[in-house]
Every structure is written in structure tokens, then in C-alpha cells.
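Each of the next two complexes has subunit A plus one other chain: subunit B in the first, subunit C in the second.
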Partner chain A sequence: MKERKIAPYVYIFPTLLLVIVFVYIPIIQNFYFSFFKMSSYSTVKTFVGLKNYIRIFADDIFYTALINNTLYAIISLIFQVGIGLCLAMLLESSFVAPKLRTFFRSIYFIPSVISITVVALIFQFVYTPDIGILNGILKVIGLSKYTHAWLGDTKTAMYSIIAMSQWQYVGYIMMLFIVAIQKIPEDVYEAADIDGATGIQKAIFITIPQVKEMTLVTSVITVIGAFKVFTEVYVMTTGGPGTSTQVLGTYLYRSAFLNDEMGYASAIGVIIFFITSILSFIQIKISKSGKD
Partner chain B sequence: MKRKGLMTIVLAACVAITSVFSGCSSKTADTSTKDNGKITIKFLHRWPMEPNKSFLDKVVADYEKANPNIKIDMQSVANDSYKEKIKVILGTADAPDVFFSWSGEFMYRFVRENKIYDLTSALNQDGWKDTLMESQLKPFTLNDKTYGIPYSVDGKVFFYNTKIFKDNGLEVPTTFDEFLKVCATLKSKGITPIAFGNQSPWACIHYIGTLNQKVVAEDVRAKDYAAATGEFTDPGYVEALKKYQQLIPYFNANSNAIKHDQARISFVNGKCAMMYCETQEVGEVEKLQASDFQWSMFKFPDVTDGKGDQTKLTGAPEGFVISANTKHPKEAIAFLKYLTGKEVGLEEVKDTGILNGMKDIYNTSNADSKVIEAAKIINTSKDIVQWLDTDLNAQVANEYLSDTQLLTGGNITPEAMMQKIQKVAKQVKSGTN
Partner chain C sequence: MNKKKYFLASKVLINIVLFILILIVLYPLYWTIINSLKTNNELFASPFSIPHKLNFSNYISAWNQGLSQYFLNSVYVSVVAIGITVFLSALCAYGLTQFDIKGKNVIFMIVLGGLMLSPEVALVSLYKILQTLHLYNTRWAMIIPYIAFKLPFCVFLMRSYFISFPKDMEEAATIDGCNSFQVFYKIIVPISLPIFASTAIMDALFVWNEFTYALVFVEDKTIQTIPVGLMAFRDSLNTDWAVLLAGITIATLPMVILFLCMQKYFVKGLTSGAVKG
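And then the complex of A and B:
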């Protein structure tokens, strides 16, 4: 009897070991390094206590990065989750012929499987002021006064990057919602039809409440993703112009590898860890209360 | 039941052992190994693009043929990523034996951490030192010890379209005020005076570096550029930024959104009259230009009311260094000597238009008129002043880099920018004390 109970643990053990060695120990090491001053190639570490953290809270660039990440999260919620849900409802409704549904689903979904670096490079070209497509289209339809140096202007750069992200991931979130909507039993809708509900009433009072759990999941994915963002910003502007598009991820990278301040970068890493942990914790709490 | 338990333990042990082994395998591969009596030298450079890539491929192939017991393992990483990658690689035990480095502070920070091999004694042997230009060895020297050998010497000059100048009756300006007048004339005729791409902010840094050198007194600048004593409180720095601001109306539009390479295209196709370029770029312009494109070069004009030095040329040699942890110093030095020597140098000028650090490396048979012009400018400059971002400590350099983009976009004033620099300089100064 005893041997039967050991088996599962013995199987789990190697993976557990890998996770501890490659995830948990580095996180603890990161905490440790955040109390030092050092560079990636230095031979000595200098203990500085809480100086890195004190510096972070007085650092303008850190707050710029935090604001950018928050902006990213809010806009992603509105566009990816909000519009993703609307698109999903539209595609599952009677407005779209069943034959066309697969076609539209593929079109919306394909951007999310393209590598982020490729998308970033493509959009860099789209946003180029003189020969880019965006300014070109604006000129052709007579809106040339709206043309901008999208990535070269501190006021528009961050929004341009966020816009690119929405284009890429709306389809992915939409697919998740489509799966959730397809799980809603047909008889709920039939009952509503008998009561004489319109399409919009069905959407608001049936579909949206029924996909509440998926809404929570996608909200968490987008918000935590917004705080971990790196590649999009790094490839498109490396945090420029000035420091207007810095996000926590790129600021960490810059401190570590450009400013030769590994200790400071570790401190930023610790803060990212806390922010994403708190967000995950809140998610778990909300989803648990939702189950009651 | 006993059999089932035994199988479980055996299988789990297999999973554990294989996962441990996959982690170990990278450690057993030695970096420079002696394999079949061959010595492998790891070689890292920053040119994955033409024309340097094929040129270096040729150099390595020729060397391997002449030295059958040496194998060169060559890799390349592009410019901006190189600056980051090298810092990480040098923190590991896997550093390449021979690798590229900018001179000045960029190299000094690695020397201070004992990552670079001291070449002083090797240079004093067989008269190696006397074959090289002393002014180009100085930026690779720290505390009287030399650590690197130049592969390319470089200076920043204005490339200009001679036809546009002739058609508009313009002469080459010798002072900054004359230069502004030339720009104003060009602009009034509907020609964009200066091509400028600042998406990678080093393009602007080159302007600011030159202006700092011409406006701020030499001894003040030397004190401020050193990490331990840097303050940047001299009003000359604000003055230098103001002079840069005077150029902004004459740049092409949206310079912060355009890369330097893209801007160069608009110079070569005649849309812009001038561009501040490195002499290294002669080869790249010649590759792009139409056969009737007429151009020449002139040095950055003198700032007549500036307190700094007007004759030095902004520029810095780039070259190669040897890792302090190399297992084959003798072979690495031999390869380095070949790479930066006369035989390769003559071919280098012909194939890439780049001059290396050797004396008398060019003549009319291997260099065209533009390369010779560039070489003359470099050789007649009594000294060079390095790029601002490789001359300063990393944090001050990065502050300058990000702020110049704001300055170019009109998002910050010179005074406010210098205040930010002063703050960072103070932090660095207190960190080193």
C-alpha cells in the first residue's frame, strides 16, 4: 500500500527540481543581488543595502515606465478584452453566415501567431513618416494634417506601440471568447427568443454574464502581459525618444546591460515581481469568489 | 506490487539523470580546445553586414591557410546589440579570445575589471609599436599600458554635394556662422541643408561631442568627462547645446523617427546637401551613389567664440583586444598582429575604404580620391577627440543619449537638459568615491 502512494511524488520530483533550480532559486538570487552594486562583468560586488530601492522611488524614469505599463494595461483591457468580446459575439451571432465564420476567425487570429519582433519591424515601417503606409493612407484620404512622426514624437510614440499590440492580440482574445460562447447552452437563447428578446438584449443579459469566467481569465492575461511587455518596445524604439516609451522591462534591461548597474536592475526586477504577484493574487481571489 | 514500485523508481531516476546531463553538456565543451593538434581561436566582431563581412571572411580564410594548425571560430553581432552582448559575454568564462572594442572609456571599463590582456610588452617586441600611428594607439592606452590595436581609424566630417554648392554659388564654410549662412541660403532655395537620422541617438551625440570640444575649455572638459570628477556645471555645455539647436531648423523633418542609414540615402540621392558622417562611411556612400554624384568633405567649422580646441578631429579608432583569460595568448597575439597589420591593411583600404592604424597604409593604387581625402584629414589632425558616448561613463553617456532626442524634438531646454546631466554626474561621482 505504501509503494502506491510514493509513485506520483517520484514522478513529479525531477520537474519540481527543474522548476526550483531554474525559477525559484533565481528569484531568490535576484532579491539578493538587489542589495548590491555591480555590473554584468565585474569581479566584485559592493553591498549597498536599500540604496537601490531608495533610488528607484526617486527615479523619474521609473515612474514614466510604471505609467506606461499601466496605460498599456488599461488600453489592452478596453481593446483586447472589450473589442475581442464584441467581435466574438458578432462572429457567433446570426449576422455572420456560418460559412464565413472560419474565414473571419482565421484573419483575426493570424496576427497573434506572428513573432513579435517581425510585427514590430513591420509596424516600424508602417509608422515611418515619409514613406510609411499610415501617413500615406492619411494623405490619400485627405487627412494629411493628422500625419505625424508616430515613433519620433514623445506624445504619440507610446500609443503607437500600444496600438500595434492591440492589432496583434485582439484575435487571440476573440478566439478564447468564441470558445466560451460556444459552451453556452442553446436552450437559454431559445427561452429568450420565446420571451421576445432582441439581439442586443440577448447579448447583454445572456452572453456577457455567461462568459464571466473567460472575461476574468482574459483580463488577467492582458493585464499581467502589459506589465511584462519588453520585445515590442525594445524593437520599435528601445525606450525612446528620450525615455518616453520606457516600460519596466526595457528599463530593467537598460540598467543591467547599458548602464552597467545589475544591482539596480535586480531591484526593478523585484518590483515587477511584486506587482505581477499582487495582480495574480487579486485574480485568484476574484475568480474564487465568482465560483460561489 | 514490488516490481511496479521498482519500475517507477527506475523510470524516475532516468528522467532525473537525463535532465541533469542536459544541463552539464554545455560545460564540458571547452572554448579554445586543442583538437587534433589544432588550436581554436574564438574571434568576435561587429560587422555581420557588407562590405566588412566578406572582407573579414577572406582575412580569416587566408590566415587559416597560412597557419594550418590554427582554426578561427568567427562570429559577428551588429553594432547596438554588440555593446550589450559583449558586457554579458565578458562576465562569463566563455569570452572570445580576440574581440572588437571601441577605444576610450568603452574599453577602459573592462580593463579596470581585468578582462583585457595587456599588450604593452608584445608591442615593444620586433618594433611592432613603431609601425602604428601613435595618435591612434593613445585611445587604447590606460596608465601607460596599451590594451588594443586599431583596425579602423575614423573621423567625423561633413560630406557635401559639390554640385549643389556650385549651382548655388556657395563656398565651403570655415566658421560656424558661415555654416549657418550656407544652411539658410540652401533652405531658402528649397533644398534641405542637412540630412539627419537620430532614431539611434548616437547621431546627435556626435554633433554634441564636437560642439562640446569646440565650446568648452579643454581642461574643464577633461575634468568633467572623468567619472570621479565630473560635474558639467560649466556654462559652455549649455552654450554647446544652444549651438546645436541653431542647426535643428536645417535638418530634414522628423529626424527622431529616421535612422542614420536612411538619412544617408537622402544625401546620396541629392535631396539633402550635407551630412555629418564618419570617414568610415566613404565606402558605403560610394556603393550607393549614382555615377554622376559629385561630393567631397570638409571638417566641422570653427566656433569662433568657443573656448575649446578648434583643430582636433572628432573621431576614435576602433580595434581589437585580447581577452585576459585567453588560453592561447601567443596565437591570439599573432592573429591580432596579422589582422591589424600592413598586408591586411592595404587590402582593407581597397575593399572597404577603411584605413587601419598602420602608418603609410594608403597610396593611389589601393585608395580612391575620397579615401585619400579622408586619410589626409585624419593624418593632419594633431589629435582626436573621442565620441561622447564612448568617452563618458555609461550612466552619464546614456543620460546624454536619451536627452538629445528630447532636445532635437524640442521637448526640453538646454538648461533643463544640463541639469539632468549634472544630477547623474553627481550620482556617479558619489558612487565612485
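And then the complex of A and C:
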């Protein structure tokens, strides 16, 4: 039976190796790089200690990015988790005919299977001033005075990108909530029916508390997603106009591959890492505590 | 009676709202498709009307102006990455669930820990590692990170399925003279096809749509995948937007069709692990 002793390690080894080399080591190395000044094609590194971090905390673009990511997180939390939950509850209620349920939820989910690049390109057409969909609709409903170069104005560009993200992911979060709602035992509702509870009472006192765990999980993944945002901004505005739509992800990319300041970019990476890993840690704690 | 009326009114109102949301979701996609069938002049003159005449030539010129290459690259990268990811994660989950081995839990925690980490923050060191391994600017610069980053999630999915299998089934087969790898592909694989499908689909969604690594780790246009290719495509077309819209449609269809046909597996993959992107 020697084979049974060695074989499992052979089965596990490739996965373990890949995960260690391409997930763990880069993150550890990234910490190390953040204390150096270095460029992309040379192997020479100069140790600079905490200089990159000192520079970051005095960098206006860094704060713009941090604020934009935070804004992204807050709006996404309200729309994706808030509206996602409301939609899920409506679709699982008796207000919607069972035949229509599948139809609604399939359609709402579609945007989340489309690549972010494609969605961003389509939304450039939504926001473009002359032939854009949004301005077209505003004109049709008599609100011409609000037509706008949505992505060209520093005041609206960030919100326009965030709005696109909501369009893309509300259906995804809704689907997670639907699954959670379907796991609630029927008899809980039956008992409430006997007590004469209304639909709204049932939603507030049964459904919402029962999907509490999923609410926490979706909140965390939404917020983590908001701090890792890159593609949406890169494709639509590359951080402009000016630096008004820079987020941490695009600023990291710009520092590393356009300004060739790889050490500085690594330090930005470390900061994103801290924010997202604290959030992931909370998520794993929550999903574990729910299973016991 | 009043209560019934109230219920009916709410029902109508709610369904109207839900249909309006359907319009909000579908209209940009509808707009993309109808305009991809117009000539460029018609697109600029009347962007909201339906096309006078269905004009499929945009699709042909999008395909011939470089999209075919990006599309095939995406297919290649996806097939290789998904195939290896599914195979390795199944094998790893098999090793972790069907044998009593030392350090099993530690290994599982290390693999699962990868789920908590966000490797995209380590763009710089990944770039350096791929350069050192001479993988930078090859297809493997995309494929290997795609595999490595999704393995924790896929092992997690597979393990949660395999863990319900009785261990003696495997031991009995071993006594019958099968080695453990034969047990894996003769017994475990055939009864695990649903979880293989879910895992492959969740992975496809990631690989087909991934942008950041494809942008950073590959320079050569001839091996670029669709998400990055579309950007280059946009820049080279200037204002030939009808062709760009046709390209966007071609890039999107595979995942939308896959979703509509395999919804069941999507939802299963989603529920087993609530992880986005």
C-alpha cells in the first residue's frame, strides 16, 4: 500500500506549487519591493527605506484615488447590496408570477457575464455627448438642459463610471440573495401567515434577518471589489479628465508601467493589499461563523 | 376586498418597475446590436432608429480587421487555462479528501488562504517573476497566473463536492487492483461531472473576460486576447463605430450564450463560493 502514501502528495503538489509561486511569493515580494527604487527593465534596485510610503502620504493623486475608491465602495454598497436584496425579495414574493421569475432574474444577471472591457466600451456610447444613449433619453423626456459630456467633465466622470458598475453587478448580487432566500425553510413563513403577518412584515422580520449572513458576505465582496477596481476606469477614462477618476488600481498601473517607478507602485500595492485583506478576513470569519 | 385590491395594485406596480429595469438592462445591449447592423453614416445620423437594411458587413470587417486573431487567442488561452485548472483542482481535492495524510489541514489552509489574497495588487512582482522565468510576453504569461489565481477557488468547489464521497468506495477499488489514479478517472471523474461543469464555467467567466494581466504581461499584438484586443481595435478604428460595435457583439456572445444555456451550473458555482470576479 505504499502507493497510497505517496500518491496524494503527488496529486496535491502541482496546485500547492502554483499557488505558492504565483500567489504567495508575489505578495511577499511586493512588500520587499516597496522599500526600493527600481525600474522595469533593469535589475538594479536602490534601497530607500520608507521613502515610498512617505511620498505616498504626501501625494495628492493618492488621496484623490483613495476618495474615489471609497466613493465607489459606498455607492456600490447602497445600490448593489441594497437594491440587489430588494429585487431578490420581490422576485421571490407572490407579487411576481412564478413563470416570470426566471425570466427577470436571467435578464438581470446577463450584464455580469459580459466582460468589464465590453461593458465599459458600451457605456462610452451611453455617455458620449452627441449620439449617446443617455443624452438621447434626456432629450426625449424633455430634460435637454441636463444633457452633458458625462465622461469629459471632472464633476460627473467618476459618478458615471460608478453608475456603470451598478448596472453591471446589481443582478449578480441579486442572484446570491435569491439563493439565500430559497434556503429559508417554508414553515417559518407559514407560521407568520397564521399570525396574519403582511408581506412587508414578513420581509422585515423574517427574510432580512434570515439572509443576514449573505448580506454581510455580499457587502464585503462589493467593498473589496470597489478597492480593486481597475479595468472600468482604465478603459473609460484612464484616470482623466486630469486625475479626477484615478483609483488606486489605475494609479498603481500608471506608476509602474507609465512612470516606471516600480517601487512606488509596489507601495501602492501594499496599501491596496492591506485594505482588501482586512476585508477578506472579515468575510471569511463571517462565512465560517454562519456555518457552525 | 380592499386587501385584495391593494395586493393587485401593488402587484401591477411592482411588475411595471421590474419591466422598466429590464429595459434599463437590455437597452444598451439592444442599442449596440442594432447599430452594429447600420452603416457608419446611418449610425451618426439616427443612432436610435432601427436599421433600414440589415448590414452584416460590419461583422465581416471587424473579423477581418484583427478581431479573428484576438478571438482565437482568447479561445486558446481559455481552453488551456480552464482545462489545466479543472484537472489540477480536481486532483488536489481528491488528494485532500480521499486519503488520510499528514498535514492535510495545513495544506488545505494554505491553498484556501489564496482566496483571501488579491494577487492583482502584486502586479509589479508578478511582472518581474514572469520576466525572470522568460514567460513575459508569451501566452503562458496569461495562462499560468489565470491557473494559479483560480486554483484556490476551484479546489474549494471540488472539495466541497468530493468530501461527501465514502472513503471505502475508493479503498475497495484499490483492493480490486486499481491504483489511485485509475480510481480517480474511472470512479471519481464520472460521478463528479456536474461540479466539473460548474467549476469550468465559473473559470471561463473569469478567463474569457480578464483584462489586467492580459494588458500588463503581454505586449505582442499577435497573442493578445479579446478584452485587450478590443481596446487596440477601438483605437485603430477611430470613428468607424459601427465596426467597433460589431466587434463588441462578437466578443460578448460566447459568454452570454454559455450563461443562457448553462444557467443551472452558473447558479451552482455562485452559491458554492460567493466570490466576485
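Everything that follows uses one rule, which is that the second predicted complex is superposed on the first by the 268 of 292 C-alpha atoms of A that agree within 3 Å, B and C clash if a C-alpha of one lies under 4 Å from a C-alpha of the other, contacts with A are read in each partner's own complex, and residues count from 1 in each chain.
FYI, contacts are C-beta pairs under 8 Å (C-beta built on N, C-alpha and C of every residue); 3 or more make two chains touch, one makes a residue touch a chain.
These numbers come from a predicted model, not from an experiment.
Undergrad: If we overlay the two complexes on their shared chain A, which of subunit B and subunit C does A:259 touch? Say first, second, both or neither.
TA: first
Undergrad: Does subunit B (first) or subunit C (second) touch A:282, or do both, or does neither?
TA: In the superposition, A:282 contacts neither subunit B nor subunit C.
Undergrad: Kindly classify A:152 by the partners it touches after superposition: subunit B alone (first), subunit C alone (second), both, or neither?
TA: In the superposition, A:152 touches subunit B alone.
Undergrad: Determine, under the contact definition given at the top, whether A:11 touches first (subunit B), second (subunit C), both, or neither.
TA: Both: A:11 reaches subunit B and subunit C.
Undergrad: Looking at A:133 after the superposition, I want to know if it touches subunit B, subunit C, both of them or none. Which is it: first, second, both, neither?
TA: second
Undergrad: Could you look at A:143 and tell me whether it touches subunit B, subunit C, both or neither (first, second, both, neither)?
TA: In the superposition, A:143 touches no partner, neither subunit B nor subunit C.
Undergrad: Which partner does A:239 contact after superposing on A: first (subunit B), second (subunit C), both, neither?
TA: So A:239 only meets subunit B here.
Undergrad: In the overlay, answer first, second, both or neither for which of subunit B and subunit C A:42 touches.
TA: A:42: touches subunit B, not subunit C.
Undergrad: In this superposition, which partner touches a larger number of subunit A residues, subunit B or subunit C?
TA: After superposition, C is the partner touching more of subunit A.
Undergrad: Take the contacts of subunit A with subunit B and those with subunit C, and give the residues found in both.
TA: The answer is residues 3-4, 7, 10-11, 14, 18, 40, 257 of subunit A.
Undergrad: Under the touch definition given earlier, write down the residues of subunit B that touch subunit A in their complex.
TA: 1-2, 4-5, 8-9, 11-12, 15-16, 19, 80, 83-84, 87-88, 90-91, 109-110, 113-115, 199, 201, 253-258, 394-395, 398, 402-403, 405-406, 408-409, 411-412, 431
Undergrad: Using the touch definition up top, name the residues of subunit A that touch subunit B in the complex.
TA: 3-4, 6-7, 10-11, 13-14, 17-18, 37, 39-43, 127-130, 149-154, 237-243, 254, 257-261
Undergrad: Name, in rising order, each residue of subunit C that touches subunit A in their complex.
TA: Within the complex, subunit C touches subunit A at residues 10-11, 14-15, 18, 21-22, 24-29, 31-32, 43-44, 47-48, 88-89, 91-92, 94-96, 98-99, 101, 107, 110-111, 113-129, 144-145, 147-149, 151-152, 155, 174, 179-181, 184, 205, 208-209, 211-212, 215-216, 226-228, 230-231, 234, 241, 244-245, 248, 251-252, 255-256, 258-260, 263, 266-267, 270-271, 274-277.
Undergrad: Show which residues of subunit A lie in contact with subunit C when the two form their complex.
TA: Contacts found on subunit A: 1, 3-5, 7-12, 14-16, 18-27, 29-30, 33, 40, 87, 90-91, 95-96, 100, 104, 106-111, 113-118, 121-123, 125-126, 131, 133, 136, 167, 169, 171-172, 175-176, 179, 214, 217-218, 221-222, 224-225, 228, 230-231, 234-235, 249, 252-253, 256-257, 262, 265-266, 269-270, 272-273, 276-277, 280-281, 284, 287.
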